[in-house]
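Shared between the two complexes below is chain A, which pairs with chain B and chain C, respectively.
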Partner chain A sequence: MSLTDYTQTIGFAFANMLLVLLLAPLLEGVIRKLRAVIQSRQGPPIVQPYLDLLKLLAKEDLRVTASPVITWGPPVFLAAILVAAGVMPLGGETAAVGAGDIVVFIGLLALANLSLAAMGFASGSAFSALGASREMMLMLTTEPVLFISLLALGLQGETLTFAGLLDAPYGIATLIAAIAYLLALQMYVAKVPFDITEAETELMGGPLSELSGPRLALTQWGIFAKQFIYSSLFVQLFLPWTLQYIPSIAVAALVNIAAVLVVDVVVVGIVMSVNPRLRLDQAVRYGMTLVGVAAIALIWAAIL
Partner chain B sequence: MLAAATLSVELIFGLMAVGVILGVLLSRWPRACGWACAAVVAGAAGAAAYLANIVFAQGHVEIIAGSITGVPAQLVLHFTPLNVIFLLMILGLGLVATVYSVQYVEKVAAESPGSSMAAVVRYYPALMLFLGSMAAVVSISDLLFFFIAWTLMMLPAFLLIIHDYRKREVMRAGLKFLLFSIVGNLGILLGIIILYRAGGDFSFATARDTMTAFLQVQPWTAHLVFGLLMFGFLTKLGIYPMGDWLPDAHPAAPSPVSALLSGVMIKLGAYDIAHMALELMGRANASSSAMMGWGMALAALGALSVLLGGAAAAANTDTKRLLAFSSVSQSGYILVCLGISMAFIPVSMQMAGLAFVAAMVFVIADGIHKSLLFLTAGSVLHATGTRDLMLLGGLGEKMPATTKAAIVGALSVGGIPLTAGFVGKWLLFQSALQGAAYQPAVAIWLLAIVVGSILSLAYALKYVGATYLGAPGVASSREDVREVPLSMRVPQLVLLLASVAAGLWPSLIVRPAISAWVTTAPVPISGMAGGALMVESVGGTTAGGYIPPVILLLVGVAALLAWGLSRLGGAPVREVRTWQSGLELPLATTRLPASGWYWPFTPVLRSIYREIPMPDVPALYPRPDGAFARGWRRFERTIAGLLP
Partner chain C sequence: MSRHVELDEDRAVTAEQITDSMRRRLGDGLLDSRPAGPTRLYLTVDPAKIVDAADELFNGLGARFVISAGTDERENRGGFRVSHFFSFDDEDLYVALHALVPEDDPRIDSITPIIPGANWAEREIQDLLGVTAEGHPDPRRLVLPDDWPADVYPLRCDFDTRDRPASAEGMAPPMKNRPEGAVMVPVGPYFPTQHEPEAFAVFVEGEVVVDSDYRGFYNHRGIEKLGCADLTYNQIPFIAERICGICGFVHSCAYCMAVENAAGIEVPRRAQYIRTIFLELERLHSHLLWTGVAAHIIGFDTLFMQTWRMREPVMWLCEQLTGNRKTYGMNIVGGVRRDLPADAHEKIEKVIADVEREWSALTDAVPGDRTLIARLEDVGTLTPDQVRQTCCLGPTARGSGVAIDLRIDHPYAAYGELEMEKCVEDGCDTLARTLVRLAETPVAIDIIRQCLAKMPDGEIQATIDEEIPPGLEGIGAVEAPRGESFHWVLTGENNRPKRWRVRAPSYQNLQAIGPMIHGDVLADVPIDIGSIDPCYSCTDRMTVIDRRSGQMRVMTREEILDRR
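Moving on to the complex of A and B:
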């Protein structure tokens, strides 16, 4: 590996990280607007999430414990998600040698979930701990769907690098994996009916309930960013198009953002507007079914 | 060079023998005894490092140490990079555990209901014998002497497990270990006898030739021998169901011993599968279908253990038992890698080598982080007197050093990027993906591994969360709970640093693992000079890449950016109480108990692992006034009278 490989890798990663950091709240704003329209409300302006984050950054920081998990949890949570965004493709192309492949990507998302749950347990509040406990159990079904559907793609291209996955042939296994991924998208982004971790009306925010001010802002920013990259991953890898044939990465990135908006508005926005929250065991049962669907994709890819 | 190698081998075993004697002689002074034994182990570890230098330079060293007239066996010590890695782990982790023992055992001895000297004399000599016999197991290549060392290892292990023998569950765990080990050893003995009867002597080369002949003429005998050996080694490795002794024995033993049992002893099962099984079968030109069959069967057993151990650990509420179940799960990973490696030996050396390296990296990484976690559990036990997660919690403020060690260990065992444990998991996924393209059954094991790795996150978080975070429990809120002394913190720090270093610069553990690969076929891993790991597929394309230094840079920059953002508004910080819906109850009464974590799935997770029932024979347990106890007390008095 040459020095140019390293600089290219790091350059791609920083560009992706900045893009996600800046655009993630916009996506949330659009979804909120759509939800309001479906529920016959006027809704907040699209830039409202930005305003919320800015306001939270200046508000008083109330701490229930001096534990370093609470101090460092929110920055690590946001950083893990941003770095996950840094290793994935966002403009139909990625560095020839990525800083990490899909195993690293999954590991970073696991670190994010783990730090969120750890914050929940560290605060000492039963509400937070319950939310954290639920987060881990939801993860038991959502992460396998994500991982197995990505592995099914990897098996078709015989590689786990993102650059290789972009070039992988689009087969029936990819289609099955795409269905599993799309059906699980609502669980990944933890929106109604899968907002079981936070469950505003019963757990008062779950792991977030004892966070305030800047640390709440960072955590929410991370949650918005997570939503953005899960949707982008679908657009980049699971749709039968090849964004890398668009000559300019900037244009491809714009196409990606537009597609992410469409996917999120159509799937996430509408589903969350017309469904009530599920119970944890119902959600896990639904997730287990999707693990089965993803497993079919993997085994299909292995056999053929 | 041979003379130097012989000298260092003599030093290793001589020093361990000195350690046993010192352990007995100095047992009246627990602390001096501990330091003396630690010095002895340090000397042996230094000799092992010197030997390792020679072996890595020369490839292999063979020392014929002696023979017994009339027995067709020679005491042959054969050193290759594979067993030198294990030798270094045994003595390195042994040193760490011995230093940790000094003040740990001092307290155990002071609190022991019998005389404190008896508690010490039962500990250090057995510990030295344990380390010495483990070193012998990995050094000896001749099958007869190997078996003698292997059996000898069982006895100090048993003595150490039943150190607190007055407790009924401890004695039960020890007897279970003994019973399972004896049954497993009988399998190994039977396999060795069959090989001896056919080959005429006990040397490893003869065994290999015999195996080749069997495979050509009477393949079923070869499979029987292989199956018997496997049965014995899997028992030691802690694979369900034959390794069911493990979850009972680990919590029963004193914590430094738990660390050694888990970090080193069960890994010897992996060593023997890698060394004997792969070499016996793999070099004997076994047909690819036979290798594929055995490899897939082993991988299936491993995948089962990954799931069962992970589920049981996530549902458990006892610190050391939780970690013991995690060892079952990690052993499962090692076995999956070894099985994939074995299956692909006749097909593609490239794939086989990759899986083998993954197994070795798991062995080293788990050796480090599991020992680390058992030491932290030991520190908690030392400070609070309990292993029950229901009574613990919130130790982070009182025991900051131990908490940091536990967090790093938990991240590594959960397989989070930038840790040593992740390197193993990453290599496993690479080799499993390449394997699945060739053999679809691997895809099914892959599913089990994915679910198992999420379970490992769940139990890692539970161990850290319920012990060190959140509201203090009944045991951890007592006034006298404080951080453990320096001699117990330093071993934790050493293992913490080893884990972090191996995670950030993986070639530190991947290079030795590659050199241990039993053939000269190249392993498709590159990029290590730049701190990266690159894997090529069989077709020659890049199949995977992971650059820990770059990931560290990105995480660092992103975390600093996030921290900077949070300081942007200049928000003031204020300490407040945890909000409890307006009530002002003590947090300990409103917190979520450890048994309630992962509800409503806890009962499901708990019911997945089914313990092998053990006959409960009351006659076997020592009663306070029974013959065993009386005899033991007389023995202790005699020893005390003889010693200075």
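Moving on to the complex of A and C:
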């Protein structure tokens, strides 16, 4: 790989991060607006999540404990998610040249989830600790679905890099993996019925309940970003078309953003509006079923 | 061990049979038996025989325990009156069991060992009047603040409503010890889904509830004391209506009925119909409110928002009819204060028709919502036997197949002239209690329609010429949205009651939370508690646990301020 390639990759990675950082709150705003409409409410303006984050960032930095986990947890959480955004394709193949690898990607998301759980355990509140242990339980079911469905794609294209996955042939296995991924999307983004970690009416926000000000802002920003990249990954890898045929990366990225909005609004927004929250055991059972579905995709990919 | 008593059809009891059977059991211990009309029976027994008498009523004859009351009658009778109330729901009969405890030895045997549902009632007498319940299995302080002096009893006549005992620091509620290996999770005093202050200490192993404890009464307002000392008969309805923030009308109604019952006041039929309409409008908006709150508890905010949107026109309607959204101020002893406006029929019909249409769409959708069912089914289990032992009421009882509904069992206001059926489910879980409330909402609408169709003309107030004589007693009970709201009035001098006793349904239903949440996971606790539609009157302190020692303590204001 030449120096230009590296420069380009790093450039694209930073572009990705910036894109996710700036657009993720917008996605949240649109979902909130949709929810308000379904609930016969006027709802907050679409830019409200930006205003919330700005307000929180400007507040005094108070911490429940001096523990380094509370100090470093929120930036690590957000950074891990942003780096994951950097290695994944957002505008077709070229954004991920050489660097993107699903093992790295999944590892970064696991790091993010772990740091959220660690914040919950470190904050010294029974509710935060319970939320953290729920986060760990959920992670044990969502991570396998993510990994196995991506692996099924990898087997089809005989590669683990995102660049390779984009070129992989679209087969039955991809379709099954796509179904598993889509059904798990609500778990990945941790929205009702899977907002079990935060569960406002049970755990008063779980791991978030003891955070405030800038630290809460960073964590929430990370949660918005996570929502964006999980939806984006679906658009990039699991739809039976690929953005790499669009000659301009900028246009491809815009198409991606539009598709992410549609996926999120149609799937995440509506599902969260018409369901109550599940119990942890019910969510884990649902997640295990999806692991099974993803495994079928993997086996299919391995046999054929 | 089951103490559930099935009454045979041929064992249906009358006041005479109860008196006979009490005489057989107690002998000379039965001092007086005084029926007042066909639906009330007032018994006076030797305090030494109180447990036998209660056992005969509860276990022998199958009565339901209602509540206890303590009255300071040292001035005129030289002692404290302890009263236990029972209901024969199949026979439309309330029975009071009175005993006079001497002033110099204020003790009486506890009936809680045989009637678990009397637990709080007896502790309340102990706290407020200083009559000890001997042999009570759990005699901890219940009602009074933690720093209240041990020998000051606010319900005694020599305690003035303006007396303020000095406050003290460092007092803690005597809570249960944490079971070995369990973690305590505080639900309250401030908790997102409990809209009033209350404190449940929930002991969990993993996420499974192994035990729990409750501390409430933090904002006890001493309303009964005010009613017995400072207020006249016709001032009380307005404070009674403020007992509850949702179903206040049931309290002013039950209070007025108790006084009317004591003094033999005949309420005009038109007033009875107007009361019935407001009782059902209140049930309508209360059940809509509950459905929203319950949905919010399990994270179903769309249902929450939609039911509250549907509820709002009912509130506006009440404001148009009475001048207030909620606290109508309509009831006085002998009738109602205001007649319905001329266009009331059309206005009411329009609002209830809208609610009916939207509600039926909503209830049609519930059985098909598998996620919703999954959250409600088989959680918060309460068996019919537990209902009987804790003396639960309303939808909490009816969801466990125990068909108590005062509108049919003890018809009052205009209910005797109307057609309705009890809504009963036998699932014994949170889903069953939900379905009962869903089914009751159209019934309320139907009752309002019947009232509008049958509404008689005439007076809305009885003429009361003479002052109500002292020494009479009366019972008024109303089927509130949450269950039986029970009021007992003992008349006194100077146009004031000597004693006014209130028992809201949540008083009994809250005592069932322990068995209900036992064995459920923590995630189910908020909706289990919510499923009884609790009404608290409670707090301003907070509970913390020291995670290292597992000790629980209450932080004082100073500690909270100093913590950082």
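One rule holds in what follows: the second predicted complex is superposed on the first by the 297 of 304 C-alpha atoms of A that agree within 3 Å, B and C clash if a C-alpha of one lies under 4 Å from a C-alpha of the other, contacts with A are read in each partner's own complex, and residues count from 1 in each chain.
Heads up, the rule we're going with is that a contact is a pair of C-beta atoms (placed from the backbone, for glycine too) under 8 Å apart; a residue touches a chain by one contact, two chains touch by 3 or more.
Quick caveat, the model's predicted, so the values are computed rather than measured.
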Review point. Is A:Val251 contacted by the first partner chain B, the second partner chain C, both or neither?
Key: neither
Review point. What is the contact status of A:Pro193 with respect to chain B (first) and chain C (second): first, second, both, or neither?
Key: second
Practice item. Mind working out whether A:Leu51 is in touch with chain B, chain C, both or neither, as first, second, both or neither? Key: neither
Practice item. Please indicate which partner A:Leu280 is in contact with in the superposed arrangement: first for chain B, second for chain C, both, or neither. Key: both
Exercise for review: Go through the superposed model and pick first if A:Ala126 touches only chain B, second if only chain C, both, or neither.
Suggested key: both
**Study point:** Partner chain in contact with A:Ile38 - chain B first, chain C second, else both or neither
**Key:** second
Exercise for review: Return the chain, chain B or chain C, that is in touch with more residues of chain A.
Suggested key: B
Review point. Touch check for A:Val262: first (chain B), second (chain C), both, or neither?
Key: neither
Review point. Between chain B (first) and chain C (second), which does A:Asp101 come into contact with in this model arrangement: first, second, both, or neither?
Key: first
Check your understanding: Intersection of chain A residues contacting chain B with those contacting chain C?
Key -> 124, 126, 130, 280-281
Review point. Can you name the residues of chain C that touch chain A in the complex?
Key: 183-186, 191-193, 207, 295-306, 309, 371-372, 374-375, 521-526, 545, 547
**Study point:** Contacting residues of chain A [partner chain B, same complex]
**Key:** 1, 6, 9-10, 13-14, 17, 21, 54, 57-69, 72, 74-76, 78-80, 82-83, 86-87, 97-101, 103-104, 107-108, 110-111, 113-114, 117-118, 121-126, 129-130, 132-133, 136-137, 139-140, 143-144, 147-148, 151, 154-155, 158-161, 163-164, 209-210, 213-215, 217-218, 221, 280-281, 284, 291, 295, 298-299, 301-303
Exercise for review: Could you pull out which chain B residues touch chain A in their complex?
Suggested key: 394, 396-397, 411, 414-417, 422, 425-426, 429-430, 433-434, 436-437, 440, 442-444, 446-447, 450-451, 454-455, 457-458, 461, 464-466, 469-471, 527, 530, 532, 534, 537, 539, 541-547, 550-551, 553-555, 557-563, 565-580, 587, 590-592, 596-601
**Study point:** Residue numbers on chain A that touch chain C, as the complex places them
**Key:** 35, 38-41, 124, 126-127, 130, 192-193, 195-196, 199-202, 204, 273-282
